[in-house]
């Protein structure tokens, strides 16, 4: 469904004179406790789910989060986008092990019981696939913000600082890179600079208050705040410290950025400053003129969002949106902007800037110096067209 | 400098290289980690037809899954990134095929089979001759066409 | 299950020489995307659910949150405690209405579509039933922290400030109280001071990023930060402004506090400063001596948690725990305290203090001047006994 | 002072008292909101036996659901809070029974039935005589035994 603006004004609870009737659910007992013990959304929200692109690919790569249906900054665990390279393994946490070896003083094997006993931290961080919006680099493809930007989520992650665990193994001074390996059917691997490992990397075992979901790496995931999604190795079984990156398939064939000159940039980890309006957004309809709150997300791998500007006139003028406090490091930030729509056709835009001074670019700026084969790191400004009858569509 | 030798919290168990051997499958770009064994282009071709062609096409030209050969000039609009057109290191083929392929039965191939498939894929991309036999010594020496095509930015 | 310390060290992935085997889930493809489209926890977490007291009452009053299985401060939506007086109604959001009348200038009827168009805010707030721990006032009854403290949760709530909506209706200066009424089968009602209504009261429609869950008031709930749970009227259909409290059954017969002298205190809204250790906690077992992180929650209806002291020797000495940042107003605060357990029998305690200067009392202090029939607002320090073999139990 | 008369955002629709009448069921402590109608203790007893006794006991002494009569001295350990022992306002009985009882069929009783049940419950708690007829005028005048038992703290 196209977000809560899709609520309509069914008249079911009025009599023929327009007087309020007592609703049928007020005149009986509702459902019992624990139906079910682990709760689920209302049946009226059944359209709020993750989706794959249609038509489905032979080997789909990712499902997308319904950003148009989200509120605040937390993504509920059932709606976090999925990306995996060989399906979601079904891991018995009691049988799972993390091994740390290579350029360490004391190679170590840890059970989940060992890991949860370490001093832990809980941090709210966004997670974005570096391929988010990749199709939009070439041309308008998506209708909804779920289609254009849905490889994006944000959770409260709980886990152990990798530096805390590495204090246990000791780190040889020659160690400059770390290989992280999953225990999924792709044994997914990425090389990570030791500097990031010692800075803010986490070994997370929980998200939004409960143990990780299977598709998010249950029972253990490497979390690299602000880094492109694929580096956050799920189902983590092994960390190996070395001197050089391993040049795995994911950091050569796949997650590299081809420039116009034919050279590809490698190890482009940090996600750029970005924002998108989620309400109103593509596929929604404003049923009448009047007041609307324009709202959406802003985020940056560089640190904190400094400001978000909104344009309600296709970029002719810009005005600062309100940022929901607290504005957290490497988290989604919710922005809000009041809009009195008079019924005119227009274009809505948002543009974020961050604590590093970076400003979200236009799509033309993003494409400058890129190859036609460029795939990743599209952080362009997203335009939403609004027609006089209130229809909202992708203005790429 | 190396960090101290005191266990700080005492959680976890020491682990030896021997205990790790089944998991320690990564291959460095310079070939460190490549196991014993070998395989030829001809052997690889047969294995490929049996275990890979259904997804990648009879000669790696692509099918339901990725095109593995050809690809064209990267500066042209229709170019495809393949082993031949894009991959900078030959060792990556061994590492990736062994850990992840065939899709559905990863880590089911013997080291000899992986060497053979690596030889075959290099040959199908016209990087090595049809009579090549690949092993731990030969593989790191293969010069990949796009080896100079990458700029390491680390950011 | 008794929290993640219950993970064990199954040896399934080793060969007979103690060498690591490749796990079976690494050697095949895992499950597909969207299985299911709205995700669920791992099957290995199936014990992590809400529970009712056993034996079940003829008319159970509330299910409890498994605090021992929580991490960070967010409670996942599937695990939030349930309290209702006539079951969970199944409300069509399109047919739902909120009416505001009484001492207002312009009585107003709002659809959900109207409400989501108002300027909104998102705030992380705890929610606690004033009956949380009531049985423990009289004697030790619960085994786990779910049983003793499980009428407690914390979410990111999104909604409209009630003051924003009341600006739309206008408020007559004679209005001093507000009646909030649910559209459930109890048409649950509470009288709320206008001062709270204008201060930080919210009309919430979303929790943890998605629309409210049915058992949390879908599609609309009054949220009164820091106030006892029952005042946060769910399935909200009506707000009426008046001069005096209505003296509804819930604020006379039920949620009043009988003192030793036979007089009952009425309108005791604010939840007192409180904390509890959730790991380790009752029903867990420390399998061996060594390092453990003691962790739990602290919260207060008065504002922010200022500090949490932990005692690892039954109260002989106290030491300050670390508070996870950001410490938010009227939110759960996660505290952590490192503990090297040498295997001695002991008692673990936590004691919170808040920004108003209040300090969490002992149970004897709580009971002072109370009637034997006192039920609500038990914010006593919770002791957990640890035996030499690592068994943890309720030390009330 | 009253706030201004300008609509600020213009969301929502005006609503009249007439349109609200089916929802506007709250009864103030002083009786404002009590509807027309009446009912006697005798009528209430019959309705109670038919619609309430299965949960609350034949005479309100309690069953699977709450005890509604007696309760004892609140200062004693075994005391139960009931209409007789605890409730400060008689109007609350009308308000609550009408909106919430019988459990399973709330808002199914006529106003006459609710007056009758209110009269019966007050009589069963020895607060009014057996010949009492309850209506909007009589109910707010009922003096509840524990009326002075509450301290309004508002905190």
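In this document, chain identifiers A, B, C and D correspond to the written order of the chains, with residue numbering beginning at 1 in each.
The definition used in the following text is that a residue touches a chain if its C-beta (ideal position, glycine included) is under 8 Å from a C-beta of that chain, and two chains touch if they have at least 3 such contacts.
In this text the structure is predicted, and so the values were computed from the model without any measurement.
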{"item": "Chains touching both subunit A and subunit C, listed by label", "value": "B, D"}
{"item": "Rounded Å distance, subunit A centre to subunit B centre (Cα mean)", "value": "30"}
{"item": "Euclidean distance of C-alpha centroids - subunit A vs subunit D, Å", "value": "52"}
{"item": "Subunit B and subunit D: spacing of chain centres that average the CA atoms, whole Å", "value": "78"}
{"item": "Multi-partner residues of subunit C (each touching 2 or more other chains)", "value": "20, 26-29, 86, 99, 109, 111, 117-118, 185, 187, 237, 290-291"}
{"item": "Two or more partner chains touched - positions in subunit B", "value": "9, 11, 15, 19-20, 23, 103-104, 106-107"}
{"item": "Graph class of chain-chain contacts, one of line, ring, star, complete, other", "value": "other"}
{"item": "Contact pairs between chains, per stated definition", "value": "A-B, A-C, A-D, B-C, C-D"}
{"item": "Of subunit B, residues touching subunit C in the complex", "value": "9-11, 15, 18-23, 103-108"}
{"item": "Subunit C-touching residues of subunit A, taken from the complex the two chains share", "value": "4-5, 7-10, 12-13, 20, 23, 25-35, 37-45, 48-52, 60, 62-63, 69-80, 82, 84, 86-97, 99, 109, 111-113, 116-122, 156-158, 183-185, 187, 205-206, 208-215, 218-219, 235, 237, 287, 290-293, 295, 324, 326, 328, 334, 336, 338"}
{"item": "Subunit D to subunit C touching residues, read off their complex", "value": "1-5, 7-9, 11-17, 19-20, 23-30, 64-65, 73-77, 79, 81, 83, 86-89, 91-92, 95-96, 99-100, 103-104, 106-107, 149-155"}
{"item": "Subunit D-facing residues of subunit A, complex", "value": "18-22, 26-29, 290-291"}
{"item": "Residue numbers on subunit C that touch subunit D, as the complex places them", "value": "58-59, 85-86, 99, 101, 105-111, 114-115, 117-118, 167-168, 170-173, 179, 181, 185-187, 189, 193, 237-238, 240, 242, 244-249, 252-253, 256, 258, 260-270, 371-373"}
